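Multiple structures are listed underneath, in C-alpha cells.
Shared between the two complexes below is chain A, which has chain B as its partner in the first and chain C in the second.
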Partner chain A sequence: MGIPGNKDLRDGILFSLPFMIIFALFMIFPLVFGLIISFYKWDILSSPSFIGLKNYLDLFKDEKFYSSLWHTLEFVLITTPVLLFLGFVMALMVTGKSPLKGLMETVFFVPYIFSMTVVSTLWAWLMQKDFGFFNQVIKLCGGTGVSWLTSEKNAMWSVSLATFWWTAGFNMVLFTAGIKQISKEIYESAVVDGASYLQQVFHITIPLVSSTTVLCLILQVIASFNVFGQVYVMTGGGPAGSTRVLVQYIYEAGFKYFKMGYSAAMSYILFLIIMIISVLQYVLLGKKKD
Partner chain B sequence: MENKDYKTIKRVRWTITRVLELLLVLAWIFPLVWMVITSLKLESEVVTREFTFLPSNPTLANYIKAFTSTYILKWLLNSLYISTFTMVLTIAVDAPIAYALAKIHFKGREVLFWLVMAGMMVPFQVLIVPLYQQFNSYGMINSLAAAALPRVALPIGIFILKQFFEGIPDALEEAAFIDGANRFTIFARIILPLGKAAITTVVILSFINAWNDFLWPLIIINDSVKYTITVGIANFQGTHGTQYSLIMAGAVVASLPQLIFFLIFRRKIIDGIAMTGIKG
Partner chain C sequence: MKKLLTVLALLLIALSLFAAGAKEEAKSSEKIELTFWSPFTGGDGEFFDAMIEAFNNSQDEIVMKNDMVKFDDYYTKLTTALAAKTAPDVIVVHQGNMPNYVNGSLLALDDLVSKDILDDFQSAPLDACRFNGKLYSLPLDVHPIVMYYNTDILKEAGITKLPQSAEEFLAAAKQVKEKTGKWGLGIDNTTGTYKAYTLTRLFFSMIAQQGGSFLNSDNTKANFNNEMGVKALDFLKEAVAMGVNPNELDYDAAMNMFKLGEVAFYFNGVWATGTLEQTAGLNFKASPLPAFFNDGSCWAGSHTLAIPVQKNQDPAKVEAAIKFIDWMTANGELWAKAGHIPTRKSVAEKDSFKALPYRSDYVAAAAVALPTPSTPAWDEVYGTSSDMLEAAVTKNQDSKSALAAMEKKVNEIIASY
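The block that comes next holds the complex of A and B.
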C-alpha cells in the first residue's frame, strides 16, 4: 500500500516471525534431521553410524514393507471412491428440499467430531465376534456370525466400514459448500426445460462441483494414505499382519524395534509416494478442467 | 382427475422419501446410541448370548468404575490442557502471519505463502522419529508441552485467516495510517476485531485437532497418568479386554466434551470446514 513511511518489509518479517520460529523448529528442522537419520543405522543401544543408502535398499528387500504398502494401497482404493460417493450423495440430500435436511446434516456430520479412538473402540465393539451388535442381530435372524475383525478376508473391509461412518460427513460438508455455490437459476431453467432430478444431478451438479470433487479426491487420498489409528485400535494390524499399514510399520520400526534410521527411511518413502500422487492428481485433473 | 392422481403419486413419493431419510438418520446415529446403551448395562448382561436391546437394570456402575479405577479424569484434564495450549499458541502465531500474507506487501511474501502451504503437504509421520529425538534431547519425553508443541503451527488456519483478512477493505487501514497508527495498532484494533468470525473458526478447528490427536501423544507420552484421553481410551482395549460396558462408559465420558463443544459451535465448525474447501 502506498503509504509514505510505512515499513512493509520490516512489518512483514515481524508479523511472520512467531509462526516461522515454530515452523522452523517443529517442521523444517525435523524434516531435515529425519532425512539425515534415514542414512544412519540408529538404535537405542548403539551410537548412530552412517550407512549411506542401506536403509533404503533394505526396505526394498523387506517383505513386511511390501505387505504394509499393499495394505495401505488397499485401504486407499477401498475408501476413496466410497467416501467421495457417500459425501456427494449426502450433500445432495442436505441441499435438497427435504424438511429433514438440517437434521440430516447434523447427524451425518456428527461422527466426524468424535475422536478416532472412540470411533474405533465403538466399532470394534459393534463388530465383536460373539457379543457384538451386528452378530447378535445376524444370529437373531437365523444367520451365523461374521468374523468382522478376526478374518484376514474381512478385517480391512470392516475397518473401512468404520471409516466410512466416521469421515463421510467431512466430504459432505465440502460437497455441500460446492453445491451451494451453483446458482439457483441454472436449476430453475433446467426445470422449465423439463429436466428430471437425476438429469439435473448428472448434467448440472456433477460438472459444476468438479473443482470440489478434485479437492475432495486429493484430500481423501492423502488422508487414506496416512491411515493408522483405526487399524491400530481395531485390529492392531492383525489378523496375521493382514491389516498392518505403512504408518503402523513406521511406528513399530521406530518405537517398538527402535530402528530409528529404518523408520525414518520408510517415512520418507511414504512422503515421496504421497507427493507424487498428489502432484499427479493435481496435474492430470487440473488439466482436464481447462 | 389425472391431475389428482398425479398429486397423490407425488404425495406418496414424498412420504416414502422422508421415511427412508428418517431411517437412514436413525441408522447413522445408531452406533452412538448403542455406545450409551452398552455403557448402562451390567457386564454380565453384555457378555451373554441372550441378546437384550435395552438394559434390563440400567446402572451407572461402569461410569463409577471408570472414574475410580482408571485415570480417565486425569486424561481428560491432560487433553484439555494440551488442546487449550495448542489453541492459544496457534492463534497467536497464525493470526499475525496471516495478516502479513494478506495485507503487507513485502518482498518474499509469495515464497513465504508457498512455504506455509507446502507445510500442509508434509505427513506427520515423517516427523515422528526426528521430533522424538529432538524432544528427547530437551529432556521433554512425557511432558504435555511436548505433546502440544509440534501441533501448534496450523497451516490450514493461516489459510482460513488469510482469506478472511483479504476481504477487509484496505481503506480502513489507510485511514488509520493517515491518523498515525502503526501496523500493530491496526492489527490489534481493526484486523482482529473484524476477523472475529474466522478467528473463532481457527480456534475451534485447532482445539478439535489437538483433542483428537493420537499418533504423537502415543509416542511422546509413556506414563499412563499423562496420557491424553484418546491414548487412554485406545489402551482401555488392551487393559480392560472384554469389559465392554466399562470401555463404552469410558468412550462416552471421552466424547462428552467434544459433543458439547459441537452442539454449541455446530455452525462454526461446519462452516469452518466448508471454508477450507471453497476455492482451495
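The block that comes next holds the complex of A and C.
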C-alpha cells in the first residue's frame, strides 16, 4: 500500500469482490433485513406495519416458544456429549494400530455424506411403530414393539440416535486430525516408561487434543442448537408437539402461519443464545489452554 | 488488466448465450403457453397428470405446463412467488387457505367467467370461494372426510347393519375385536409424517353434527369447550381406552392397516379411494361420514383453481387460463378417479362419472360438507388443535380440562393475527 505502482490493494479488492458481493447479498442483507422486520407485523403479501418491540414481548409470553426452546436445549444436552465421545472413540480406533482402520474410517464417515432427508426418512422407516424394521425384529424375537417415535418419552432419544449415526463421523475427522498432530515421540517415551494404552489416552491424547475438543464442542453446540431437519422429517415435531424444536417453530411461524416479524424475532433470540454460549465457551475453555 | 478483460469478455459471451436461448424458446411456440403449480404428489398426482395431458390433447391453442410441488413446501413456495408477483398463470389453492391470498394476490373472476359456467357449479362449494363479495377461484372438487369399511371383517364379526350412532359404533367395534381379533376402528391419533389431523376433522364434524360449530360465527373465538365438545372428545378417547382403536397410530400406519385388512372402520378424506381400490384382496365399501350424533355433517376441504395477479397481466393468458379452468372442472369425472367429488352439476349427470364405483356412494356428502372457517389464523388453529387432541386421546386426559386448555390456546392464536 502507498508504494507507487503497487496495485495490491486494488487487486485485493477485485479478487475478493465476487465473494463480498455474494456475502453481502445473501448474508449481510438478510441479517439486517431480518432484524428490521422483527419490529414489524408482516404476512409477506400485505405491507408491513411497525409494532416496535411487540414481537419480542409476545414471545416471552408464548408457551410454545418456551417449550420449543426447551426441546432444543434437550437435544443439545443429549447429543453434544455423546457425539463428542463417539467422535473421539472413533478417532482413536482409526488412528490406532488395527489393520481395519482404513475400512473403519470409511464406514464411520459414510453416513455423514448422506443428505439429511435421506437419513431421516430411512430412520423414520426403521423406527415406524407398526411396520418398521426394528419392531419387526423385536417381535420376531418375542418382544413387544417399542414406540420409537410416537411416545413422548422416546421420541427425542430416537431422533438423537439417528443423529449420532449420521454426524459422529464429522467429529471423528476433526479428532483424527488433532490426534495425528501429536508427536510420536511422546507416546514412545511413555511406552518406555511403561504406560498402558489407557494411561496414554488419558494422560497424553486427551490433554493434547484439548484445542480440537474445544473446537468440536463449539461447532457441535451450534449445530445442535440449529437442529431442524431430522426432527421435522422423523417426528414432524410430534407426538403432540413434544419434539418441536425452536427452528421448526421459527419455520412454521414464518412460512406456514405467515408471521414474518414474529418468526424473525425468534430467530434473533436464538442467534443471541448461540452467540452468548459460544463466546462463553471460547473464553472459559480457550483460556485454560493458555 | 488483460486478465480482467478476458474474464469480462467470457462473461459477456455467457450472458449472450443465455439471452439467445431465451429468445429461441419464445419464437418456437406460437401456442399460448401457461404454467401451473399443483401440490398433488400423493396418490392423486398421476390422475392429475393424466388430466393435464388430456387437456393439452383436447385443443391446439393452449399448452399447459404442470409443475408438481411437494405438498409440504407448496404454500411456502406459492406465497413467496405471489409476493414477488411471479406466480404461475394458474394455481391450486385449498379453499381453507384462501383468506391469506384474497387481498390483492388473486385475480377476481366475476367478470371473466360466463354466467352459464357459473350456473353449472354447485352453489355451496362455489360460494365458499367468494370473499368480500368477490369470486377469487373456482372449485375443482370437494373432498370430505368419509368412512371406509371392510366388508369381509364385518361379515366375519356378524355385523349386518351399519352402526347409526357413536354408541353403536363403539359397540360394533367391540364386537369386531371380540369376534375377529381385529381392530374395530382405525382412527389415526399421532403425528408421523403427517399430523393427527383426522382427530380434528372428526372432532370438527361431530360438533357440527350436534348443532354446534368449532369456532363462533364470526371466527373470532373457540366454540367447542361445551357439552358437545366433551361428547365428541369422549368418543375419540373411548375408542382408544376400550382397546378397539390402536393407540399411537399415525396416518400412514392407519392407511396400511386398513389396506392389510386389519381394521373394520376407517375414516379418511375421499382421496384415499383411489389408493384403496387398487389394493388387491381388499373388499371394502365407502359411505358418507355416519351420523355419530344428530346428522351427517362432515369436515371437507376443496381444491380450487385460481389466477394469480401478475406484474404484467397478459389478457390472452388470462383468457386461456379461464378456458383451462373451465375444461378441468367440466371434466371432473377424470379427477373423480382420484376419489374427489366433482363440483359441476353437468359432471354429476355424466354416465362416465356414475360408472365409477364408490364415488356415487359418498357423493351425497358434498351437500353436508362444512366449509373451512374463513380466518387467516385457521392453519395455526388446525395444527395446534391436532396436537392437543392427540395428547388428549393418546394419554386419555380429562376431556373438560383438555378442552379448556385447547380453548385458551385457540383464542390466543386467533388474537395474535
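Note that the second predicted complex is superposed on the first by the 283 of 290 C-alpha atoms of A that agree within 3 Å, B and C clash if a C-alpha of one lies under 4 Å from a C-alpha of the other, contacts with A are read in each partner's own complex, and residues count from 1 in each chain.
To be clear about the criterion, a contact is a pair of C-beta atoms (placed from the backbone, for glycine too) under 8 Å apart; a residue touches a chain by one contact, two chains touch by 3 or more.
Given the structure is predicted, the values throughout are model-derived calculations rather than measurements.
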item: Touched chain A residues, chain B compared with chain C; value: B
item: Partner chain(s) touched by A:Phe15 [first = chain B, second = chain C, both, neither]; value: first
item: Which superposed partner A:Ile222 touches (first chain B, second chain C, both, neither); value: first
item: Touched partner set for A:Phe255, first chain B, second chain C, both or neither; value: both
item: Touching partner for A:Gly143 - first (chain B), second (chain C), both, neither; value: neither
item: Chain B versus chain C as contact partner of A:Ile44, first or second or both or neither; value: second
item: Partner chain in contact with A:Phe131 - chain B first, chain C second, else both or neither; value: both
item: Touching partner for A:Pro207 - first (chain B), second (chain C), both, neither; value: neither
item: Chain B/chain C common contact set on chain A; value: 14, 124, 128, 130-131, 233, 255
item: Complex interface listing, chain B residues touching chain A; value: 17-18, 21-22, 24-25, 28-29, 31-32, 34-35, 38, 46-49, 51, 89, 92-94, 96-97, 99-101, 103-109, 112, 115-116, 119, 121-134, 149-150, 152-153, 158, 170, 173-174, 177-178, 183, 187, 208, 211-212, 214-215, 218-219, 229-231, 233-234, 236-237, 244, 247-248, 251, 254-255, 258-259, 261-262, 266, 269-270, 273-275, 277-278, 280
item: In the complex with chain C, residue positions of chain A that touch it; value: 14, 43-46, 58, 124, 128-131, 147, 149-151, 233, 235-241, 252, 255-259, 262
item: Chain A-touching residues of chain C, taken from the complex the two chains share; value: 4, 75-76, 79-80, 82-83, 100-101, 103-105, 190-196, 246, 248-250, 252-253, 256-257, 376-377, 379-380, 383, 387-388, 390-391, 394, 416
item: Of all residues in chain A, those that touch chain B in their complex; value: 1, 3, 6, 8-9, 11-23, 26-27, 29-31, 33-34, 37, 93, 98-100, 103-111, 113-118, 120-126, 128, 130-131, 133, 136-137, 139-140, 165, 170, 173-174, 176-178, 181, 211-212, 215-216, 222, 225-226, 228-229, 232-233, 247, 250-251, 254-255, 260, 263-264, 267-268, 270-271, 274-275, 278
